[in-house]
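Common to both upcoming complexes is subunit A, partnered first by subunit B, then by subunit C.
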Partner chain A sequence: MLAKLRDPSEKALAVLLLAPAFVLLLMIVVYPIGKLVYNSLFAIDKGGAFLGLQNYIDVWQDPLFWNATQNTLLITLITVPGALLAGLALALLANLPFKRKWPVRLSLLLPWALPLSFSGLIFAWFFHTEYGVVNDILSRLGLQSEPTSWLLKPRWAFAAICLTVIWKTASFMALILLAGLQMIPKSLYEAAEVDGATPWQQFWQITLPLLLPSIVVALIFRTITALQTFDIPYTMTKGGPGEATETLAMLIHKYTIDYSDIGFGSTLAVFMFVISLAVTGVYLHHIGKNAQ
Partner chain B sequence: MKKRYALQWAALALTTGLCTSTAWAEQTTLRVFVGPNQRPDLQQKLFADYNKANPGVKVEIETGGATSELQRQYLSTVLNAKDSAIDLFLIDIVNPAQYASKGWIEPLDKYVGGPAVLRTDYLPVYQTSNIIDGKVMAMPSQGDAMFMYYRKDLLAKHGVAEPKTWDDLAAGAKKILAAEGKPDLQGLSIQGAPIEGAVCTFLLPYWGQGKQFNDAGGKLTLDKAAAVKGLNTWLSMVDQGVIKKNVAEVKTPDTVNEFKAGQVVFAINWGFAFDRFKDDADSKVKDNVGVMPLPAMTGGKSATCMGGWQWAMNAFSKNKDEAGKLIKFLSSKQASAFVAREGSILPVFQSVYSDAEVNKVVPWFKDALPVVLAAQGRPMVNDYGQVSDIMRTTTSAILARTKTPEAGVDEIAARVGRLMR
Partner chain C sequence: MSMEARGIWSSPMLRWVAAGLIVINGFFPAVWILFTSLKKEVELVQKPITWWPHLPTFDNYVRAFTDQPLLSYFKNSMLVASVATVLSVLVSACAAYAIARLNLRYRQLILTCIVASSMFPLVTLLVPIFETMRALGWLNSYAALIFPYVVLNLPVCTLVLVSFFQSIPRDLENAAMIDGCTRVGALFRVVVPLAAPGVFTACILAFVNAWDEFLLALSLNSSPAVRTLPVGIALYQGEFTFPWPIISAALIVSIVPIALLIAAFQERVIGGLTQGGLKG
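This part shows the complex of A and B:
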């Protein structure tokens, strides 16, 4: 064995070098997912009996699951394009030839650097009925005679959460897009100007096509994290009023941590895993096609 | 060469570790979890006293989790993992049944002397909350209850008597609000945000009609019509301008801060609030705070929500005998009188409420005893976390008017009913 190691063939060396990464992946990815699926088949903390697929049937028939799934998908569908548009605008702004670049870049980084729950708490204050700055501004402008309880009305609470998520995540989008923008050679724009292209034409014909790979990367990251949205609605509304703003990640947390029902919570997590996998699959397929 | 050194170092470290742990084994170290609101500073003094009498036992304190829910989340993570690191912990009065059903806590009969011990001088509520299936699962440490606080000066000024029913309270509050004419003055402050306090907000006007939420066996006995009537009592007070419109946003500290700022005539809150009203530097109502039993529904009787904290022992503890002795000490009359004197914490023994030493420091405890004796435990169920979540989320949604009381009560009956049958 030792002799072999001292003089390893290429293949053995490859195996040896890959082994630590493989073992690590086994420990932190494969084992937890396997354990999750295993747990979902039992009534953990409720006697531990084997349930087979009963948890899956219960989840499928649970209106709270469908409500949370719908909310999660809706948040994803609203905030991912929203953050992309806002992020693109910010990136274009930051890419302008300012004399001092750091104030722009710093303000770009700030929302991204704040912890998620922090942003949620800040915006919860903004939208508070009595102490919130939103109601204060609206009443000062004479746009409302009585304060609105934004976070107590299902639609407004949902909109407030989406706005917060977009504010929080647009800067991450902008960072990736800004890197992409700076990769575009200046000479292309110079040539376009010589040919008499307007800034609008330059944006559609040069910037956007060359930025597309960065946009796809940003979209993948953002979509996956949007499907896992937890911190902002949790700190802003706790899923309320009622369950109007409860996401799938919050429902999983509720069952596993608040209710200590690990079997049912694991089943919900398996569903979320499948949804994330499906969405990632669509993107990867798209990238694969593009690469070809 | 280097490898050999590394091996030698590892061996040395291992030997030293083994030696040290052998030396430590002669002294028992008990690790105790106390939430930040349960006065860890005073508990520390009790532990120091205990250590003086029992030099072989050292008590370490661990704290964390600002609210009852967060503490339950932390402890359930530790106990789900069958971790023996913490020997004793303080749990909310609503939790013994849940912890016992999971096998997380050790029966204490062997250490404190069986259920009879709770039928002596302790407040009667502990006979239902702490005895599960005939076994003592937790021992009382700190009492608490929902009280009705009011502005003595405003009631006297406008000739309003202490209300006996919620209707009286609404009428009295309206009279005061109209005469004072201040837009930021509220008649009554209750907790409507989806927090644990909202469970009591649901139960108070329901119990106040003499109705019970569950029978002795833990089965749900919800009278839907009475529950709807109770919730409508709150909503009608919102419509009358007695309770503020955004009540579904109000959490426990909001009530405390607004009462302190002189913006509230009547306020429902836990026992700790009294000290905040009386002693906080920024309190504008220091000398004008009154305490009284909660009003009843017309034709019903006054009832309130019992709170407070219980000592329980980790079923996976490796120091059960020592931990049992410590629990006996911590749930003694001396310990209760000590935290009552030093921290104005409501005693768990009836006789301590009229203890001369205690009353010297906290004279209002004499008036608190009838309130505490009328206090009821929230439902004692294995899935309390879930029951509480359903009740507080739905109550909050009803107060936010996104659900009607009828629909909300139907939902509670259906979802809680499945857990309490």
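This part shows the complex of A and C:
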């Protein structure tokens, strides 16, 4: 027995090694998903009677759900392309032949390592109406005579949150794209140079097509995280003013934790799960295609 | 294109401007918070606002620790992130070794399953995790955060470690086994030492992830005694009338350890991140 443990067969060893990971995945990912669906169908806090689709109908008729869905989709549609463009610009700049690489690298890593919630707090202070640096700069440049109440007006608050999300995520995007840029063979550019291609042409003919795989992967990852946006709006506006910046994740948190309405929270989570599953499907399809 | 234009493209001038833009983009928020943390309240409410603190003071740092249990938040964060890191890397290393080295029939499928788990939004798992922890009586405990964080870290750590294990020549391991080592013996004597850089990279990524997490920490551990830094600092708001300098000081205190960590191991972190991102 002891000898067997010390040198188990390959199969036994594989099971032994993979077991902890899969037990944890079962407990914290698979079981919860089943539980969510159960919660959404039964009166979980009121005796456990079968409710059918009542929760789903309630969610469907809840204006807060539609408001949060709209905000979440808008944040995704604005910040994902925004972070891609900003990240691409940062990556192209960072790819220049610097003598010392560490200041640039550290500058790209710092926003990634900063907790989302801290970014939210810092930018809430940036966008402070009276003492914020954003209004200070805008006033000094003569772009506004009256300070803008960034976080107190629905549209401005939404814009401030989107800008914060883009700043926070563009650096990670840049790191992924930079790795892609560095894999493009230098000889291609040298050949293009010989043929008289302008930098502009080189960008469109060489850089962008060869970078496309990295861009797609970065976009899918970013889309999945954008759909879950929680920390930044929570720390900047708590979803306000009113519910102008409330996302789906915040609504789920509010119903589950603040109102202790597990059934409604679970039903909202099922909706969110389905949306994410669609994006994940696209992703898995994409890597499946690449693996072939 | 003329020679001059191409000259601009490769000129040192452009490099300086580029480096300046990147550094300002990365550092300005942290530097601004540092300035704010050094200002007295009288200076903070001056109009127009000052940039450089005229009368720098460390009062806000003292108050960050005395007005709020910042030290306790710091200890909680450190404890949760460290334990979660060790467990994440242990569990991932086992799985990654099996995926990289053993003769598995469904190797790719197993890896895909682990990676796909990171695609599920954490917030959808919040409800059942909250219920489970409530049922276990684990709300407001370190374990309530540690176990979910291990799962959170599993995909990226496994990806990083699989590619490290794959980069270690199989012959070394075989040679050790021919010399009379068991497979487990070869694992610990040959593979583990050679994989140390990979394990270290996985540790850093896991630690940063756990250190930064907000949603679960906010929802599961609401009691001040077990609050982690992100939650503790976010809840400063509202408990004070005008706590920005103190919040800023607390933010600086919490950012410094992570900033030092990534500054010391930049290349590793970037290598790990892009591996996790690109390979997936």
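Here, the second predicted complex is superposed on the first by the 248 of 292 C-alpha atoms of A that agree within 3 Å, B and C clash if a C-alpha of one lies under 4 Å from a C-alpha of the other, contacts with A are read in each partner's own complex, and residues count from 1 in each chain.
FYI, a residue touches a chain if its C-beta (ideal position, glycine included) is under 8 Å from a C-beta of that chain, and two chains touch if they have at least 3 such contacts.
Being a predicted model, the structure only gives us computed values, none of them experimental.
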First, second, both or neither for A:Lys254, with subunit B first and subunit C second: first
Touched partner set for A:Leu151, first subunit B, second subunit C, both or neither: first
Residue contacts with subunit A in the superposition, subunit B compared against subunit C: C
Which superposed partner A:Glu130 touches (first subunit B, second subunit C, both, neither): both
Subunit B versus subunit C as contact partner of A:Ile206, first or second or both or neither: neither
Partner chain(s) touched by A:Ile215 [first = subunit B, second = subunit C, both, neither]: neither
Subunit B versus subunit C as contact partner of A:Ala244, first or second or both or neither: first
Which of subunit B and subunit C A:Leu93 touches, first, second, both or neither: second
Which superposed partner A:Ile262 touches (first subunit B, second subunit C, both, neither): both
First (subunit B), second (subunit C), both or neither touched by A:Leu36: second
Footprint overlap on subunit A, comparing subunit B with subunit C: 128, 130, 257, 262
Complex contacts: residues of subunit A adjacent to subunit C: 6-8, 10, 13-14, 16-18, 20-21, 24-25, 27-29, 31-33, 35-36, 39, 90, 93-94, 96-98, 102-123, 125-126, 128, 130-131, 133, 136, 139-140, 167, 171-172, 175-176, 179-180, 196, 198-199, 214, 217-218, 221, 224, 227-228, 230-231, 234-235, 248-249, 252-253, 256-257, 262, 265-266, 269-270, 272-273, 276, 279-280, 283-284, 287, 291
For the subunit C and subunit A complex, residues of the former touching the latter: 1, 5-6, 9-10, 14-15, 18-19, 21-23, 25-27, 29-30, 32-33, 36, 44-45, 47-49, 51, 90-92, 94-95, 97-99, 102-104, 108, 110, 112-114, 116-117, 119-132, 147-148, 150-151, 154, 158, 182-185, 208, 211-215, 218-219, 230-231, 233-234, 237, 244, 247-248, 251, 254-255, 258-259, 261-263, 266-267, 269-270, 273-274, 277-278, 280
In the complex, subunit B residues that touch subunit A: 69, 72-73, 76-77, 80, 98, 102, 194, 245-246, 248-249, 383, 385-386, 389, 393-394, 396-397, 400, 402-403
Subunit A - residues contacting subunit B, complex: 45, 128-130, 147, 149, 151-154, 238-244, 254, 257-262
